[in-house]
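Here you go, one structure.
Chain lettering (A, B, C, D, E and F) follows the sequence in which the chains are written, and residue indices restart at 1 in each chain.
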Amino acid sequence: MADEGYQGLTHFDEKGAARMVDISDKNDTVRVAIARGEVIMRPGTLELIVGGRVAKGDVLGVARVAGIMAAKETGRLVPMAHPITLTGVNVDFRINEPDRVEIQARVRTTGKTGVEMEALTAVTVAGLTIYDMCKAVDREMELGRVRLIYKTGGKSGTFQREDDEPWDM
Amino acid sequence: MADEGYQGLTHFDEKGAARMVDISDKNDTVRVAIARGEVIMRPGTLELIVGGRVAKGDVLGVARVAGIMAAKETGRLVPMAHPITLTGVNVDFRINEPDRVEIQARVRTTGKTGVEMEALTAVTVAGLTIYDMCKAVDREMELGRVRLIYKTGGKSGTFQREDDEPWDM
Amino acid sequence: MADEGYQGLTHFDEKGAARMVDISDKNDTVRVAIARGEVIMRPGTLELIVGGRVAKGDVLGVARVAGIMAAKETGRLVPMAHPITLTGVNVDFRINEPDRVEIQARVRTTGKTGVEMEALTAVTVAGLTIYDMCKAVDREMELGRVRLIYKTGGKSGTFQREDDEPWDM
Amino acid sequence: MADEGYQGLTHFDEKGAARMVDISDKNDTVRVAIARGEVIMRPGTLELIVGGRVAKGDVLGVARVAGIMAAKETGRLVPMAHPITLTGVNVDFRINEPDRVEIQARVRTTGKTGVEMEALTAVTVAGLTIYDMCKAVDREMELGRVRLIYKTGGKSGTFQREDDEPWDM
Amino acid sequence: MADEGYQGLTHFDEKGAARMVDISDKNDTVRVAIARGEVIMRPGTLELIVGGRVAKGDVLGVARVAGIMAAKETGRLVPMAHPITLTGVNVDFRINEPDRVEIQARVRTTGKTGVEMEALTAVTVAGLTIYDMCKAVDREMELGRVRLIYKTGGKSGTFQREDDEPWDM
Amino acid sequence: MADEGYQGLTHFDEKGAARMVDISDKNDTVRVAIARGEVIMRPGTLELIVGGRVAKGDVLGVARVAGIMAAKETGRLVPMAHPITLTGVNVDFRINEPDRVEIQARVRTTGKTGVEMEALTAVTVAGLTIYDMCKAVDREMELGRVRLIYKTGGKSGTFQREDDEPWDM
């Protein structure tokens, strides 16, 4: 059947041409996705971020705004992603001493398709923003472990990544 | 001095307020940045991608276009990044059997500031696109190790990440 | 309760972190918002605009297009605003002799959240466009009194700003 | 009646001012539009494109991605177009020896207004992309015959352009 | 040589991978491009447009704004196009009785690469906007003959399409 | 002369058609613009903002990011504005007891045209963001007095608005 795509890759038709897969017949349901990732850095860089947080230079505040705004851009960045009218986005951070910041994003919509890509994009752009704001002191930071943690809503039901619980936001 | 920012974080002024740092006095020079990352997946997913590449369903072709286009969006995603008129972008992939695709992006400009963020954004969005196109068969893919490999041009000179050479593109 | 936000500011969670507030549970209803503002200028500048309107150089025609298009960009400009699929936008002008142009925008949607920000953004960008097109002859124009006049739809009911009726569009 | 616009031009009100016409009262139905166009070129240019398709330099693969992404941008390019959350987009090509590539786009949504503009925009930008990628060898290519072929859904019923059937996608 | 691309297609490297071709070494020169196209319609539709022009419902005024704004979006629509800081854009129309509107766009920049794509994009989006604003009365309009007329600046010198002079703007 | 536009309105040609005026021949110089505006609100709303600033719910931090990002969007919002590669943006706030927040933006570039519109856009969108984040507690806020304070660079020399000095940023 055409809608199952090329060998299970739904973003290709049976002839192998890329497409935005048709979701007209899907139901509008509440859908939630949570993604996570981390930025690894030198301990001194982390100290600057943590210091700024309680004082003034708020790296994570800017990164949060960037992540939330990027979730809204997902459909313009990822070619086959559907444009979606999001109904809620949260981006949160956890300091993981001595050398990393964990990033978690939760996105919600009421619609015909899931919001995994939106959550992953929010995490990613929040991470890139941390990199940008600290690169003058640490060029070797690394953005890693960007992954889907949880997803619910839609026909495929609930997904929970094994041994990888979202934190409470 | 104000231009050195808050404790070396140039994207904040001396009072700690976020800013797009002033680069009016910098020279226009040729600048190059190379970034790299990887998408880890199940071996069966990698087989689908590799199969598609030689046959029809061209996941990496779409991801390449997405990465190149995303490089041009960097200034709109990363809040304090300067808008830059890029003069060249390449995105390339390397299959790393049995379970990952490596992504490398090289970006060039003639301008007043470096293009690290553009290269990192290209890698990241190419990776998210691979995720999007394969998520119907593998929800547990992970985007990781996104990092700057090489950078040249500008006052700070050439940077080469240790033990981490770019491949020839 | 978390959804009421930090001291009534719904765009922050109870810990004070900025968020796009969750509206998944809100009803889809018809929502209308009307905003107004004005551009104050030299009388000679107003004469040029009025002259152009009946003849050729149509400042207000361009400003109207800019305002309508900007309403569609609201979710990308205002960080915590929800992306909304607007169902109607009007932008109108009133010449207020001897020195100002009044701008009014009316925006409609059928959705889960109001369109105040869209109406305010339309007024604002229409005003900036008037500034841009006349700045060669009058650098001291001022955009002012940008405000919400009327709003209906949704749980909070109808709002009508006191002594400040919208004009008929 | 105001909603019928200025002499049938619904994008103008009865006073002749441009507007995004109000569709709040329209029903959400499945809507489909198919558009078509063609790029005329030198036979040698077509050979390069066809050769690349089976070998490596995939002009049409890039043009397809560009067309699909452009469909999502329609509401930002065409001033009075409503922003729409598309539910499906396909872009397809047909080689028409000796001198042209035909382009067909099919767009679907479930919403209050049709997707003709989205289909026409997809065709157009796919065509411009072919031009861009081949202009180094053929500056005289021409994009032509961009037209609506088929449309269904909504109050006005089904439209099928005479003697101009869509091909099977 | 790599920069000549795959069989003369500069937007592909010698392995056939799509790329934004490197122009870092090109000179900054004044570059101009002029493109043209036309919208074919029923005579009655043309009468409405012409009538509106002298009276109120200004289809061509809106289309002109759309074309100028679209020129600025070119780098975001056409995947391998370089982002360019345009220094001037004009869009003009010519009524061609009894059934068509001709569109001409002239774009200028001082930079390292030509602005053909910007001129073609301006023509195209102006044409789509005419279609959008008149489609309620004429669904069978056709956008055609979109082509480059003239180009100057850069290493390849001046191009003038044969028997196809730009009109004076 | 055509470049002086229609009665001094440079954004129109001598026939009155809107255009992006040609600046190819202008010199690249350092250009600075400073704009200012204010948001008037209930005293209780201002207290919430001030409280949040020292504690957690950072309205002004989010508004600053929004203003800086909006400066980069100016060329896409204001139809005849030239796209510009900004070299520096600052947005700052001043609490004006008991009922208003003053906003100041300073924008710099090295280019062929001034950055007034960018500074005005930054002020405006920062103001709209304050409105958005506080509208749940105060729908009657007003954005006002948006104006150019200072401008330097380019042929027209330095402009300083009378009795309206920028504050030190």
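Assume a contact is a pair of C-beta atoms (placed from the backbone, for glycine too) under 8 Å apart; a residue touches a chain by one contact, two chains touch by 3 or more.
Values in this document were obtained by computation on a predicted structure and should not be read as measured data.
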| task | Would you mind naming the chains that touch chain C and likewise touch chain E? | result | D, F
| note | Co-neighbours of chain B and chain C resolve to A, D, E, F
| task | Quick one: point me to the chain whose Cα centre is farthest from that of chain A. | result | E
| request: Quick one: point me to the chain whose Cα centre is farthest from that of chain B. | output: C
| message | Report the inter-centroid distance (CA atoms only) between chain E and chain F in whole Å. | response | 31
| task | Could you give the separation in Å between the centres of chain D and chain F, each centre being the mean of its C-alpha atoms? | result | 37
| How big is the gap, in whole Å, between where the Cα atoms of chain C centre and where those of chain F centre? | 16
| said: If I count partner chains per residue in chain D, which residues reach a count of at least 2? | reply: 17-18, 58, 61-62, 65-66, 69, 73, 76, 79-80, 84-85
| message | If every chain is a node and each touching pair gets an edge, what shape is that graph: line, ring, star, complete or other? | response | other
| note | Chain pairs satisfying touch are A-B, A-C, A-D, A-F, B-D, B-E, B-F, C-D, C-E, C-F, D-E, E-F
| Residues of chain F touching chain B in the complex | 30, 61, 64-65, 68-69, 71-73, 84-92, 108-110, 169
| chain E residues touching chain C - in the complex, by the definition given at the top | 58, 61-62, 65-66, 69
| What residues of chain D sit close enough to touch chain E in their complex? | 5-12, 15-18, 37, 48, 51-52, 55-59, 61-62, 65-66, 69-70, 73, 76-81, 116-117, 120-121, 124-125, 127-129, 131-137, 139-148, 151, 159, 161
| message | Under the stated contact criterion, what part of chain D meets chain C in this complex? | response | 13, 17-24, 26, 75-76, 79-80, 82-85, 111-112
